[in-house]
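The same subunit A turns up in both complexes below, where it pairs with subunit B and then with subunit C.
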Partner chain A sequence: MNMSTMNLNRSQDEAELEAEFQRRIDNEEKIEPKDWMPEAYRKNLIRQISQHAHSEVIGMQPEGNWITRAPSLHRKAVLLAKVQDEAGHGLYLYSAAETLGISREELIDALHTGAAKYASIFNYPSLSWADMGAIGWLVDGAAIVNQVSLQRTSYGPYARGMVRICKEESFHQRQGYHILMTLMEGDERQRKMAQDAVNRFWWPSLMMFGPHDSDSEHSGQSMTWKIKRQSNDELRQKFVDQSVEQAEAIGLTLPDPDLRWNEERGHYDFGEIDWDEFYSVIAGNGHCNRDRVAHHRRAHDEGAWVREALDAYENKRAAARTA
Partner chain B sequence: MSNVANEKIAAYANRLGDDSLIHGHRLSEWCSNGPFLEEDLAMTNVALDYIGRARNFLTYAAELIGGGATEDTLAYERDCLEYTNLLIYELPKGDFAFTTARQYLLDEFELLFLTALCNSEDSTLAAVAEKSLKETRYHLRRSKEWMLRLGNGTEESKEKLQTAVEQLIGYTPELFEVDALEKDLISGGIAVDRAGLEESWRSACEKTFDEAGVNMPQAVWRVKGGRTGFHTEHLGHLLADMQFVQRAYPGCQW
Partner chain C sequence: MSQSNMKLYEVFIRGRRGLDHKHVGSLHAEDSEQALEYARDVYTRRGEGISIWVVNSSDICASQESDCESFYDPLDDKPYRHATHYQLPEKVNNM
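Entry: the complex of A and B
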């Protein structure tokens, strides 16, 4: 057999494997860590899951910013529990990414160098207590819409992680909404604080679903592989539809003059997102881009001696056991 | 029970609540600052236990005080001089070695203290103690394990742990100080005689320090004053942070 026949055979094998892989996906079978998968599928998943994990972890910062300043002990306890959940979600997701053959250390390095992204919403600052409400209601609300859909994603560990995460996220969204509701029942300054937070977080929350389907770089292949189950625009519409009534119920105004019910479509129409802002913040022009990564890097660097001590201790213990 | 007794029990519950609240606050400052994600999670978990404990003690104190007092008026409307936590709780979180050493020293203390408080004649205090004791057993398992890891880890971790212990030791005698209020409540079977816990505490700590290869120093310097409001400079800043929203927008519901 000469070289070119071998290559031909290999690519034939590969083509068969890929066809079989796609057949399983089309059949709604879950792909598990030890199964064969196209290299691009693996890469795509690592990119998406790690971005998701980093978002949970970086998302601890804007909320952690208010734990020490929470205005009642009840709110403080709930916020602490919530941020703790986010850390837990980060852990499930890092573990899911690790099943694809990448280490936690590599994932964190990629966050520090900027090779891996996190949700750009966390580049916006949390300036008032009401922001804890807006982040819970809108940011977690948008995340849930996306995550509910991802419960049916094709990669088993990711899908199962999403099921656990969704259970907890709905509590997060309720706590955020409850913060805003309480503020809206309060005095003029509190209502202003709540409205201001919603004004600042509404559009960035819509941006969380990513570019329009027609402009989305990764969407086509992700849909074929069923990593993504619904398109950016479908999910965004779902989020807008559910948010309008919730806002009205507590007297909040969503900052979009074009927002109105469209009887024919059975959905709310809404205005065009400022995509320049979206790309500009991703490119580094948000208030917190540098702070978020620097904060994570500082904590990681300051903890280096602790991790070294832990390794040294475990090694000594292992050595003592085998001795 | 007489009003005088109620006032005293309220003051007692209040100081135990202050200890827990200030400690929980310091631990909560670790959120997103831990050495790795699992530890971040563990520290906020412990912080949450302390905030919960603080709420139980302060709610009880507020009930006894009456006149519209709540856990929140106690937490958010008192200034530095009215706070009665012991000084060791308010010291800044420091590095991971400092937080670990403080947690360990306090866990050993709280194990003894809460065990005794479970026998209080005051059923509310006893019930809070019982719930808290379960948490403290778990906290102690963790902090002790970290003492061993840091002490037997690297030269650097051992040195940092030793330094932390030396910075903390002079704040530990205050844990065992009994003032007139507590003396009164001890004779009524309500409060714990902290002075009686020191020996057991010291021997438990020495055992762990020994295993960790770190010296447990004698407290040659001693700083006191928390129960009378004579605090370190750190508490004012902690309260400025904690109370900011309530102070900037007084009289609101949150």
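Entry: the complex of A and C
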């Protein structure tokens, strides 16, 4: 057998494997870690899952900012519990990414160099206590819409991680809404503070769903592989529809003059997102991009002694066992 | 028959794609390869699953139920970690 027939056989094998892989996905079967998968599927998943993990972890910063300044011990305990949950969610997701053959060190390194992204909403500052309400209600709310859909993603460990995360998220959104509701029952200044937070977080929350389907670089292939189950625009619409009633119920106004019910579509119409802002923040020019990564890097570096101590302890124990 | 070289293995089976492996029982075997074959013979006779894990029982590190309180307190005194803790208006209560 000469080289070219060998290559031909190999690509035939690959084509058969790929056909079998796609047949599984078309049949709504999950792909599991030890299954054969196209290299691009693996890469695409690592990109998406790690981006999701980094978002959970970086997302702790804007909320961590208010833990020491929460207006009551109860709110402080709630916020602490929520931030702890986010750390856990990051861990579930890093572990799911690692089943694809990438290490934690590589993932963290990609976050630090900027090769990997995280949800750009976390590059906006949290300026007031009301922002804790807006983040819980809108940012976690948008994340939930996305994550509920991802419970049906084609990669088993990712889908199972999503089920676990969704179980815990509902508390996050409700506590945020409860903060805004309480402020809206307060005095004029408190109502203003709540409205101001919603004004600043509404549009960035809509941006969380990513570019329009027509401009989304990864969407087509991700839908065929069922990594994504619903398109960016579908999910964004779902979020807008559910948010309108929630805003009205406590007297908040969503900052969009074009927002109105469309009887024919059975959905709310809404205005166009400022895509220049979206791409500018992704490119690193948001208010907090540099701070967020620098903070993570610092925390990681300052934790180096813990990793070294664990290593030293294990080496000592191993030496004692062989002695 | 002497079982001097036999080790105890715990067997986990994935019922179908998308599900976690679930513990189904244990068995004795010389090595992990043999344990996999035994597990197939004993635990998958009626199409129970599509993937088997076997793990040396001695490699399983387990917590004890009696340690529950000190080791993983369910924190029932922190009800605010549950969605139902937050009373919202009826209209939006499906959040």
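The working rule: the second predicted complex is superposed on the first by the 322 of 323 C-alpha atoms of A that agree within 3 Å, B and C clash if a C-alpha of one lies under 4 Å from a C-alpha of the other, contacts with A are read in each partner's own complex, and residues count from 1 in each chain.
In this text, contacts are C-beta pairs under 8 Å (C-beta built on N, C-alpha and C of every residue); 3 or more make two chains touch, one makes a residue touch a chain.
These figures come from a predicted structure and were not determined experimentally.
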| item | value |
| --- | --- |
| First (subunit B), second (subunit C), both or neither touched by A:Tyr177 | second |
| Partner chain(s) touched by A:Glu185 [first = subunit B, second = subunit C, both, neither] | first |
| Partner chain in contact with A:Glu29 - subunit B first, subunit C second, else both or neither | second |
| First (subunit B), second (subunit C), both or neither touched by A:Ile282 | neither |
| Partner touching more residues of subunit A, whether subunit B or subunit C | B |
| Which superposed partner A:Leu259 touches (first subunit B, second subunit C, both, neither) | neither |
| Touched partner set for A:Ala81, first subunit B, second subunit C, both or neither | both |
| Subunit A residues contacted in one complex by subunit B, in the other by subunit C | 74, 77, 81 |
| Complex interface listing, subunit C residues touching subunit A | 14, 16-18, 20, 51, 78, 80-83, 85-89, 91-92, 95 |
| Subunit B-facing residues of subunit A, complex | 57, 60-61, 64, 67-77, 80-81, 83-84, 87-88, 90-91, 94, 129, 179, 182-183, 185-187, 189-190, 295-296, 299-300, 302-310, 312-313, 316 |
| For the subunit A and subunit C complex, residues of the former touching the latter | 24, 29-32, 34, 74, 77-78, 81, 85, 141, 156, 159-160, 170-171, 173-175, 177-178, 181, 245-246, 249-250 |
| Subunit B - residues contacting subunit A, complex | 21, 25, 28-29, 31-41, 44-45, 47-48, 51-52, 54-55, 58, 71-72, 75-76, 95-96, 148-150, 152-154, 156-157, 160, 241-242, 244-246, 249, 252-254 |
